[in-house]
Amino acid sequence: MMMQEGFVTFQTLGNGYVSPIVFYLWLIPALPIIAAGVIALLKQPKRKTASALAIGSLVISLFLSLVAFIHVISEPIMRSATAIIHANATGVLRETVNFTWIQVGAANVDLGWVLDPLSAIMLVMVSFVGLLIFIYSIGYMKHDENFTRFFCFMSLFAGAMLGVVIANSLLLLFMCWELVGLTSYLLIGFWYQKPEAAAAAKKAFITTKIGDVLFLLGMVWLFSQTGTLLFYNHGAGSIEAGALAGLLAQPAVRLGGGLTAAGAIGLLIFAGAAGKSGQFPLHVWLPDAMEGPTPVSSLIHAATMVAAGVYLIARVYPLMAAGALAGGTTTALTVVTWVGAFTAVFAALIAVAQNDIKRILAYSTISQLGYMMAGLGMGGVAVGIFHLITHAFFKALLFLGAGSVIHGCHGEQDIRRMGGLKADMPLTFVTYAIGMLALCGFPLFFSGFWSKDGILEAASHWSVARTPFYMLVFGVLLTAFYMTRQVGYVFFGYWRGGKTAHESPAVMTLPMVILALFAMGLGAIGTPAWPWFRAFLENRAVVFNLHGFAEPGLPALMIASTIVVFLGLGLGWRLYCGQAPKPEEPDVLERAVPVPWGWLRDKLYVDELYGVTVIAFYKWWARVADWLDRRVWGGAVAAVAWVFGLWSRLNRFLDNNVVDGSFDKGCEELAAGGGLLSRAQNGRVQTYLRILALGVVVLVLMLIWSSRA
Amino acid sequence: MTPLTGYLIVAAMLFSIGLAGALTRRNAILVLIGIELMLNAANLNLIAFWRYGPHPEALTGMMFAIFSIAVAAAEAAVGLGLVIQIHRHAHTTDLDRMNRMKG
Amino acid sequence: MIETMDQIFVLLQHWLMGLLPAALQPVAGVVLGVVAIVCLFPALFALTTVFERKGLARIQNRIGPNRVGPLGILQPVADGIKSLIKEDIVPLCADGVVHFLAPLLLVVAVFMGFAVLPMGRNMVLVDMDAGLLFFFAMGASTELSVFMAGWSSRNKYSLLGAMRAVAQMISYEVPLLMSSLSVVMIAGSLSLTKIVEAQNHYTWGLPHWYIFTPWGLAGFLTYAIATTAETNRSPFDLPEGESELVAGYHTEYSGFKFALFFLGEYLAMFSISGLGTTLFLGGWSAPFSFLGWVPSWFWFFSKMMLSIFVFIWMRGTLPRLRQDQLMNFAWKFVLPLTLVNLMVTVLWRFLGDGWQRWVFCSAILIVAYAGIGLAGMRRGHFGPRRYLYAE
Amino acid sequence: MNWAFYLIAALTVAGGLAAVLLKNTVHCALALTVAFAGLALFFLQLDAQFAGFAQILVYIGAVAILIVFAILLTRGSETPKGSVFSRNWLAGLAIAAGVFAVLGWAVLHSASVLPHETAAPTVTVLQIGNALMGRYVLPLEIVALLLTAALIGAVIVALHEKEGSR
């Protein structure tokens, strides 16, 4: 056994030295998971211990993530100093630790973790946002009796999500991915006493599993083709050049429409990502998932888990982009783009007509995830991930704000029963407004503007079609409109609810303030003048250069998007702010265009569509099976029984009339025979054993006899 | 008589003794004792064939015997647990009186 | 000279073997070793009884035996003569054969265990590859003799005592084996000589004994607890509780058979202390590198006697447990700890040579000890007895 | 075929015979341990040190103890008054004799094709450990699972149900 040496193989670029932070990177996900395990053992009243454990472990994880992040930032400087960078001119600093998990015959199943700019930034984002939401949850879940369980699940989720981020193996990623899905299920159904919550949890689990099955198929295909599931393994990983060349070079699996094996695997993996990230047509679970507690919606269904799909696509981007056609894009990426752009507009449309404060945000999340997917498809990793990061902050902020509003309004979620809250909840209002402006892409001072602009710019250059660009611009307009509508309903006008609202405690507002600061400031790292983020991901030097704004087409694009945003804001302001209707009255737009409004309010009937197609089919199939059971098989049995019945009746007739005398004799014989036979079934173990032993004797004799013959 | 034959004969004797015990005794525990003897005889066969077989370095027979010992331990634990439970239920360990499936 | 002193017994054996014809030499070597063990340890037993009585007396502020010989040192001789000439009483309905065989089997099985103990450099009777397994196999056989003694006496106190003893020994055999396993995992061998060799290294003059590692210390603690229970010593001496069972399974033994039980018990104590010394305390290796000139057998026996002293000390200090407390302690405290310790040992094995393994392993063990300990201390765990299985 | 073999064989067979013939159940169990010990000695003779010690540890240290515990718990330790053999003991004996006849006949008749004396293999515990952790790791895990299941199952089966809990 090779236990002493070679238990863990260290693979890094450079001179083979593994810095401690990379070696101990596994601690980042492990700590919250261990904390979750410990919390699971705690008793229900141990609230302080539970929250302290969860938050403490995440603080350490955040600290380690920051160390890893600084390590990644500082490494290029050190490397250029030692001139190693020339040896690796291709690029990105990437340190991995891989080890063999199980050996099946000749094949190894390896696991491992990776530290590169992508995982480093995600680690910081997940642990930081997670930490803030954990702190917020102390206040939000204060009155819940299952506080301990909540922190157990949340901690488990944080660990699993961090595991997804650092995974260097598709298998490890898949494991953590499923763990994340499980915690999502558990947390959506956290208030399982509510039937809606239980149903929503099941729906989320089943819907995402549809995607995951395809993901698993893709994974198996990839393994069968490349023999490894590691992403990066010193040139031998499954998405490194060697394996990709192998995947492309197989004419046998070159599919129609320019789709290569790599692209097909990528699309299968994308199906998993679409399930998790709520892309059309698998988006139906995400709005229902809002039945969970608001911090859950914020952390899992806005900031991190749903972004995991985007992250996954970014991780396997080389696979998707392999064998690019002339235009620099591939079929797989085109599909991703179209799905993303369609989802962006589709969800934004539905969001316009919703009245539940969290549902609006949920559709907004779907829409923004569509933006990210489209950004990945058209502009590459940096564009999509930048929007992911900024979105994580401002959408988490919005959800926390919504939670604060719900908390302040004593559990009310219908925006028609709110209003005028800007006076009652000033801090919530300010932070919510910041988040909302960032989401709309309000120019210059908000991060959303820069990240969304990046996507729009990429769309405007896209070689395949212009339509996605127009769709996305329309989406921007809708986003600005529905967010203004929501803010108008909630914060402006007059109070339309019951008990008066109150501002939330500091433990809830403080995380919101911090997130608000980031929602504004984060844009600074991705402006065209100083594209630090892109440079960081692609490991290039970055300089401050105002000429970045002057690239052809860019000023016009920025101005155009600004105009669109203002148009949306203005429309919303005009229609909703100050004059929102009473809860009983129809919406302003509903009065104007009742029919399309009804479609939108009913979510464009996707659920109903599934109801009459997929679910109906299964119900029909179940009925068919039931009918077969009852009629066909049951009928056959009945028929046989009937035939035998007839036969016995005939027998009785014969017996009674013809062979009565001899029959009695026969009966006695039969009874005797039965008694004889029943001796063999007397329930005595020893009898059985005896027969068994006789059988052995006979078998051995037969064996010997046959070998002699 | 080669050594292997000797071991096989002893194993056969033990097996038959165990079988006789299992077939003739009334007490359920003694039936279990007989079965243990049979298992042990099989183990002796395994080890003997391993020792005199063509590939003793492959350890196959030895491993088989070790696993068989482990499984026999599990079998004894469960079997005796059942006997104790039956005794609680029927107040007897006499197999001749344990012929009803109805409690 | 140092070398000669170290190997003096080995040289003696070889010299005696040299007097015999070559054909007889292997047999003679073994016989010599057996004779040495069979003479030495009963002698030690005799000494220990008087030490124990005097030590207990000191703890209880008495003087102890001081009449036979100088300072009472010849007391065991008197005891021996007494037990030899006493009448051997066998109860009328006792099962004669089993009653007779039980003490013999006990003593023989215990003596067998000494065969694989390395009592000094090159001083091991049979250097077996699976020595530890052999030791435990022999240790397991003693349980049967205890049962035989209790059952064959046809005395309910004996039977109860035997059942208690067997249940206790089986329960504590599990943690005993488990805590020894961690040593096996690190040393990579079941051979006791190899385990000692693995510990016979020095850094800065200090030895690499396994007790000086986090897992070794934890393992030694659980080993010591299990050992105390395995040998039926106080505070786990309830199989013999005079107040409850009238001395347990050997109530109906008298005269020399009783002396054999007594001997077997002390020999078991010696052998299991010797095993503990071998596994955790570096066997015959010296505690400091500059003390390497002292003969190796001296270290083995002093460490063993030190453990014996701890046994006596505990007997004089601690009260007796109750049966259900004893079982709870075995299954709910000691066993989980040994399992944790096994995992920590795995961690230790694979964490490499750095400082990290010290920090991680110690931290996990401290947390486990504190956690399981606190959970055990909680109210309700050691409350009044619930008769769950009594009918 | 030396005197040691015959001695051990005699011991083992005598133990086995006593285990099935004696009247007192506890005596049977003790005789069974004699047979177990004889088998362990056989294993040692066959150079299977590890298996031999495992045999002692598991059978004498655990299974035999379990059996005597079960005997005491089922109040079977007294010598029964009536016959200890079941009603059909003659048939059982005949079948057992038949099995022995067939097996012995088969062994003796195939003696010529059986392998003869071979050199003793040197098997270290290290090799066994490596095999257990390498090639046989899956059976090992399964056996571990089985033992756990048996442990829990035996406890549940033997657990006394309180009156009225049904």
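We call the chains A, B, C and D, going by the order they appear; numbering starts again at 1 in every chain.
Throughout what follows, a contact is a pair of C-beta atoms (placed from the backbone, for glycine too) under 8 Å apart; a residue touches a chain by one contact, two chains touch by 3 or more.
Bear in mind that the values here come from a model prediction, so they are computed numbers and not experimental data.
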Contact distance in steps, from subunit C to subunit D: 1
Chain pair, B-D or A-D, that carries the greater number of C-beta contacts: B-D
Geometric centre: closest chain by C-alpha means: A
Interchain centroid distance [CA atoms averaged], subunit B/subunit C, Å: 33
Gap in Å, rounded to a whole number, between the CA centres of subunit D and subunit B: 5
Separation of mean Cα positions, subunit D and subunit A [Å, integer]: 55
Whole-Å gap separating subunit A and subunit C, where each centre is the average of the chain's CA atoms: 58
Per-residue multi-chain contacts in subunit D, two or more chains: 50, 54, 62, 69, 86, 91-92, 95-96, 99, 103, 160
Touching two or more other chains - residues of subunit A: 686, 690, 693
Touching two or more other chains - residues of subunit B: 19, 22-24, 95-96
Interfacial residue positions of subunit A with respect to subunit D in the complex: 1, 686-687, 690, 693-694, 696-697, 700-701, 704
Of subunit D, residues touching subunit C in the complex: 26-27, 30, 33, 49-50, 53-54, 56-57, 60-62, 64-65, 68-69, 72, 77, 124-126, 160
Interface residues, subunit D side, partner subunit B - complex: 1, 5, 9, 12-13, 16-17, 19-20, 25, 28-29, 32, 35-36, 39, 42-43, 46-48, 50-51, 54-55, 58-59, 62-63, 66-67, 69-71, 73-76, 80, 83-87, 89, 91-93, 95-97, 99-100, 103-104, 107-108, 111, 114-118, 120-121, 123, 127-128, 131-132, 136, 139-140, 143, 146-147, 149-151, 153-155, 157-158, 160
Touching residues (chain side subunit D, partner subunit A) in the complex: 86, 88, 91-92, 95-96, 98-99, 102-103, 105-106, 109, 130, 133-134
Subunit A residues within the subunit B interface of the complex: 682-686, 689-690, 693
